[in-house]
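Order of writing sets the chain letters: A, B, C, D and E. Residues in each chain are counted from 1.
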Amino acid sequence: MSRIGVFVCHCGLNIAKTVRVSELAEFAATLPDVVVAKDYKFMCSTPGQEMIANDIKEHRLDRVIVTACSPLMHEQTFRKVLAASGLNQYLLSIVNIREQVSWVTHDIDEGTAKAKALLNGAVRRARLLAPLTSRVIDVNSDVLVVGGGIAGIQAALELANTGKKVYLVEKNSTIGGHMAQFDKTFPTLDCSACILTPKMDSVLQHKNIQLMTSCEVSEVKGFVGNFDITIRQKARYVDHTKCNACLACTEKCPGKGVSEWDEGLVKRKAIYIPFPQAVPQKPVIDRDACTFFKKGKCRLCEKVCEQKAIDFEQQDTFTTVKVGAVIVATGYDLMDTRSLIQYGYGKYPGVYNALEVERLFNSAGPTGGKVTLRDGKEPQAIAILHCIGSRDKNNYEHCSRVCCMYSLKFAHLFKEKTSADVYQFYIDMRAAGKGYEEFYNRIIEEDVKFIRGKGARVAQSADEPDRLVVEAEDTITGKFIKLPVDMVVLSPAIIPRGDAKDVARLFNLSTDKYGFFMERHPKLAPLSTMSEGVFIAGVCQSPKDIPDTVAQAYGAAAEALTIVVKDKLELEATTAMVNPASCCACQNCVRVCPYGAPFFNETKGVSEINEALCKGCGLCASVCPPSAIIARHFTNDQVLAEMEGLLEF
Amino acid sequence: MAISFEQIEQHLKTEALKLLESGKVILVLAYGRGYDANHPMPYVAKHPSDVDNIVFNEYCTANLARYLTRYPRRTKIAIAVKAADSRAVVQLIQEDKVCREDLVVLGIPVYGMKNFKTGEVIDSKTTGGLYNPVLYDILLGEEVHGQPVSSPYDVLAAYEAMDKEERWAFWQRELGRCIRCYACRKACPMCYCDPCFIDQNKPKWGEKSPESPGNLMYHLTRFHHLAGRCIDCGECSRACPVDIPLYLFHKKVAKDCEEMFGQAAGMSIGDKPVLVNFRVDDSDKILE
Amino acid sequence: MLKKTTIDKLPELAACLMEKGTLVAPVKEAGGFNFRAITDAAQVDLIFHNTILSPKTVFFPQTEDFVRYSVYQPILEAKPVEPEIRPTFLFGVRPCDVKSFEIMDIHFTRTGVPDPYWRKRRDATIIFGFAFDTSEEADPAEFYHTLGIGAADPDGSDVFMLRRDDVLFLKAVSPRGENLLGGLAGLTDAAPDERKYFDDYIAQGHDYKTRYTCVDAEAIAKEFEAIFHNTDFWTKVSNACLSCGICTFVCPTCYCFDICDETQFGQGVRRRVWDACMFTDFTLEASGHNPRTQVYQRLRQKICHKYSFHIRKYGPISCVGCGRCTRYCPVNIDIFSIVEQAVQAKWYKRM
Amino acid sequence: MSFEPKILGIACNWCTYTGADLAGTTRLQYPQNIRVVRVMCSSRINPSFIFRAFQLGADGVLIGGCHPGDCHYNTGNLYARRRLAVTKKILEFSGMEPGRFRVEWISASEGNRFAEVVREFTEQIRDLGPQTKFKISQ
Amino acid sequence: MSENNPYIPMPVEISKIIDEVDTHDIKTFRFTFVNKDDEQKFVYLPGQFAELSIYGKGESPIGIASAPTDAGYVEFTVQRAGAILPGLVTSALHDMDEGGRIGLRGPLGHSWPIEFLEKKNIVVVGGGFAFTTLRSLVKYMLHKDNRSRFGDITVIYGARTPGLLCYKDELAAWEKRSDIKTIITVDKGNETWTGREGFVPAVCKDVAPSPENAVAVICGPPVMIKFTLPVFFELGFSKENILTSLEMRMKCGIGKCGRCNVGYKYVCSDGPVFSLAELEDLPRDF
């Protein structure tokens, strides 16, 4: 016998257009235990909230039902109203009559009927809601940043500057990420290295940052405020505490590996630093390329190293760090365009992908900054093909966002460095960004030829076997064209890192259909994730340019700070608990819980749940045969009552 | 049979005596005389002098694994098991209700067991194809070979052939007779919950009165709780005072589970019960 | 008055009774015989030994609705359920079961607050007792003889019946029975030699031996009181017990019930439903406390209730030896043996 | 009056419920016969919920969860897949029309999929007609 | 069937709710009868109980806390039962407001043996929330029409903390009266508590009521009873002169449903009031 208040929101016309809101309120008033039912234009507005607060007091309400938009939208807003009115915030129930009713029907009768059923269910459930209290836990003030690209660097620096200790984990032997591979950045054409390397250096120097390169997170335990994160330090075979970065070893090394840094365009040594400005500037051994590891003898590096830093016996080591929050900034890969055989990447030497071209422009790159083809010749005609694999329903539907702009940048650089004709094959130009449209206009001025039409095929020229032909339909003229060129640059889809799934599993992140990490809310919580205390920044969330990435990094740092700045944290209250009187000691809960929250108490002969580890999924409750587990806020009783309400009319 | 019931009884007595005298176990779960020879009872021998009361004959159908969970954990127990019963022991070990090292499993290879109420031979009905225990420490006799081996699921054919309306009518009729004495769950070695879900009043899953809705809820949920755990001993059906063929439904669920998850209940102590387990590559087809 | 008919004319007799009221008689169904309200005269089947459920179901059905209510409406709107009670003919009740009605009467209507449902149904019912076939071998589970009940005791019946091959004899025992039999068409008077056969059969009913042990109510009540706290004894006899409810549900003298509120969509009915002292939740209190958590405690309650408490509270033993509990026990627990052990041998003292 | 099926949806908070919201946000139209209960994870769904829903008169029950591998709780839906598969088999063997119970993986980004499934399922239930087997008559 | 059907409750209305303790889980509900006939029929004496009945939730047997001398209403003091899962009836009742209606079945069971108590000195010993039917008894005896029928009255009442004492106003009033000796104690006091501290058995020993022509009426949690009984034996009270009230799971309240027996006695219809002598005739575990 509770006292329920029902508040029906019009959401302007969003709801009122297809649900008769006043009728719904009248209906609510007839439901059991409902003592007040009202409708109002905007419940989430200040007057709306005040109305609820007043009615809680005036009618001594002990349950509140807000019939409005999705709980994912305003549940927190209204919970705060309850809390401010002295009512436990979990005595709130939200009925979603906007996203799941008014917006999905045009028929006001249908809409009203469904809204009534949903409301009826909510009333039945509300009667059984129990006040819940959150547990308060201590918070570890350190932060882990995963990924040492520009996003990770920026976030780490921001946090470190506030005085928080930061662990920056990078799986490569240097930080810098993709940005360090670029020559120039659009639209300002400033030198990428010039703006990035000082930051990389700051990371290395910062007393609050512990930089962990050649490292990967291997296990994540704990929960927001109290993560225990195990990090695997991959064997580098060089003791970095001894190495003085003289690099004598790299000179002597006979081994040859493929330079990841230069996108495989050249070879590097088996003991190497990826690039001259690498941070830390200490070499590592590529086990697969090392003569000693392959053939069992060599050890030249060891012989030349005065510091005795070479250690072929080195093993992977594991360390565990305790942090309060995590920022995941693992970046991206380019789609492997070899699978798109029509473009001939990997088949014709004249076909390049965008990152390879970045390296060609770079003075530290394989060609010393000269644009030459693989055979050393300078190209006479260059085609840049946009949207390879992206904006493509057969591959990746999403737009990779930065390709238009870097393709323009490429055109400019080609023009600057060669005398070639440059052709852009595009679907449409997307130049939304500060200074971007201006940059586009500038490139048009530079005699770059724009062909509106997606490159359909790249083939060997029939007439001149060492040249290529790009086939496309010019959608402006409607003509099918075949353009002979020397060089083709593909702008492939930007996709999540190959191991993004593993990272998602480790940190309990959801991913979208491409594998990009899902934000908690696309607009209102773009950097938070479904995992409390884990934030995302940069391209691992979705393709974006450097300014956006950096902005996100700042944002994620601020988000993480909101957690670690506090000494104490309130945990989610909707955890599960065991009613020991009913527990049959089958230990199903212990077997299934992904978080290890339930454990078996041998002395008492019953299962118990560590609520700090519990995330409230309710799996244990449904595998508990005697229903001894109570999934708070989603108890069997509450769900059954809601179902009964939904199905009554 | 390679060995007679009398010989099994003799073996059982000998082994029980040895185990009790040596103190290896503190009790032996076996069979004793009931009110006549055709009605033996489960019997607990705790003292060497109790061993004389042990009997074994074709009516000793009871699955003694049911009693294992009655004793405190870590009690040293010897248990006499037939083929299906041994699967129950295995399943209980999988579920960590009993520990392997606390048990001495006395395996009984046997066929020709009879339902003491009807006299009907039960081999093909509930333990089809399985005559030898899957787990034992001591085998009381020699393994049975040469008996007809059929799929335990053969008896389902007629029911699977029914269309859904016939099946519905069949189960309505059968389950409609249920008087909710709960002998099925009490006889079941895998039903060790106390209280049972149906006894709960928060939530109240089904009504206590023996009417169709409550009966349906009770039995369907029980079938679900036993999915992948039912070891096909048939005790539920034999216990039922109104002869509801519950074993058919259990068999069907067991068959489906075996097909979907590739594992039969109680066959290996290293297995994990299928419904508290998963494979990432489980097919979505199972949901179709 | 001794009347007779033939078995093949049973449907006519049944039809005749059905015209006067509800006929409840043994019906063969899957699993065995049970007493059911007859809808088709041909259903009545007297070729049976005994039913699965005892005929207490007629006066004390497994569910009895008390009140219909709506949880959203004022309590005043709740409507007591009027049970449909018509003149009823309970046909073919074995003598031991007839005896059970008397024992149950003490509990339900003759002491304390009378139970209106039992009384009304009982008052509306005419009982046709039916002698066991003494030419058959005694059923090994039965022991009504121990309780002083003969295989052909007409006591407590209104009409008592006996089958001799194809002939069914019906004798009026009570005035109500006399009244009824007199007005039933299709029955013929029995011949003198048949009357003699009938009387002899009844007289010899006590010679028909089921299992027997000498049991004196007062003495056995004391015996069980003495043994009540002997945990070893109770553990030993309950070792096999599964703690299911079969023995109590089939028992003609078990009367425990629960009162349940069953609600759906706000509409509900408060009803009583059989309960069993063998169930763990029988004595489970809202606080979580349960005085009988062990199987032996529950079996002890059941047996001591019948053979001790009932005697001290109401006089007679609450058992008629019908053997149902033993016959349907899935693990062959035999109440008779337990009683025997307690009485004869003072078995527990040797432990 | 024509038959308007009552369909109970049980959707996990993170994927299907959010996907249903997305269907709304993008104004996709679908039949209003579905009423969704939100639970945190498809693994929260006790098989008895489904039996009970049919007893309460649901003509169809639609379960929505994250795609296997995408569960917010890592593995919840992988357990759910097995448990619900068994539920389906039990319903089927009891004589219930198998088409009345359906499990779909619908992610937070698949608003259109949600709408499509609801449209399809509603039609399917409409064809099957009212569910009378489990329904408790009043 | 509605006439004199012992299973069908009569409607009553909550006219007053008193929040008794600082933990808010014990409340006293005052009910008035919706049908005046029912009020006439509801004739009871202290010590009896009734089934509080809420359709859809069930019934709960609760001792009557008011006295027959309280005309026009009947009171029950109800604790919200169950630690993890609250009792259905008691929690529904606790959620109700004044004006709400429920069902009432009773009066049930035997009362304190008033005739036996007459002309005797009465020692009332209560602990915590189990004081309800004792309160009824004390109120009854203190009534001006009844006071002369009884000898000296001593009340010893204890609770764990001052905030957990029930009927605080009445206790205060009793303390002021000269015709009753009222001793209130708490296991553990607080800043504002000026009264006695100590466990009930110790206080009983301390107060040492005389066994002369006296009857002790004791109700409380099992542990209190366990330690209080020896004190009264030592003081010289005979088993016949020590009375208590038992609790057991009940359903019907009229000795039919078969679940509240202790030995051959049904707590509901043969009790709940028993003398210690009677209890000794019953098995100690049941």
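Just so we're on the same page, contacts are C-beta pairs under 8 Å (C-beta built on N, C-alpha and C of every residue); 3 or more make two chains touch, one makes a residue touch a chain.
Predicted model, so just to flag it, every value in this text is computed and none were measured.
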Between A-E and C-E, the pair with more C-beta contacts: C-E
Chain whose Cα mean lies nearest the overall Cα mean: D
Most distant chain from subunit A, judged by the mean position of its C-alpha atoms: C
Rounded Å distance, subunit B centre to subunit D centre (Cα mean): 34
Computed distance of Cα centres, subunit B from subunit A, in Å: 51
Rounded Å distance, subunit A centre to subunit D centre (Cα mean): 29
Subunit C and subunit D: spacing of chain centres that average the CA atoms, whole Å: 48
Multi-partner residues of subunit D (each touching 2 or more other chains): 47, 52, 56, 69, 75, 79, 83, 136
Touching two or more other chains - residue numbers and ranges from subunit C: 71, 258, 260, 264-266, 284, 288
Where subunit A touches two or more other chains, by residue: 581, 592, 623, 627, 636, 640, 644, 648
In the complex with subunit B, residue positions of subunit C that touch it: 29-32, 52-53, 62-63, 140-141, 211, 236, 239-240, 242-246, 249-250, 258, 260, 262, 271, 273, 276, 279-281, 284, 295, 326, 328, 330-334, 336-337
Residues of subunit B that touch subunit E when the two form their complex: 201-202
Subunit B-touching residues of subunit E, taken from the complex the two chains share: 85, 88
Subunit A - residues contacting subunit B, complex: 582, 584-588, 591-592, 602, 605, 623, 625-627, 635-637, 640
Residue numbers on subunit A that touch subunit E, as the complex places them: 1-3, 577, 579-581, 630
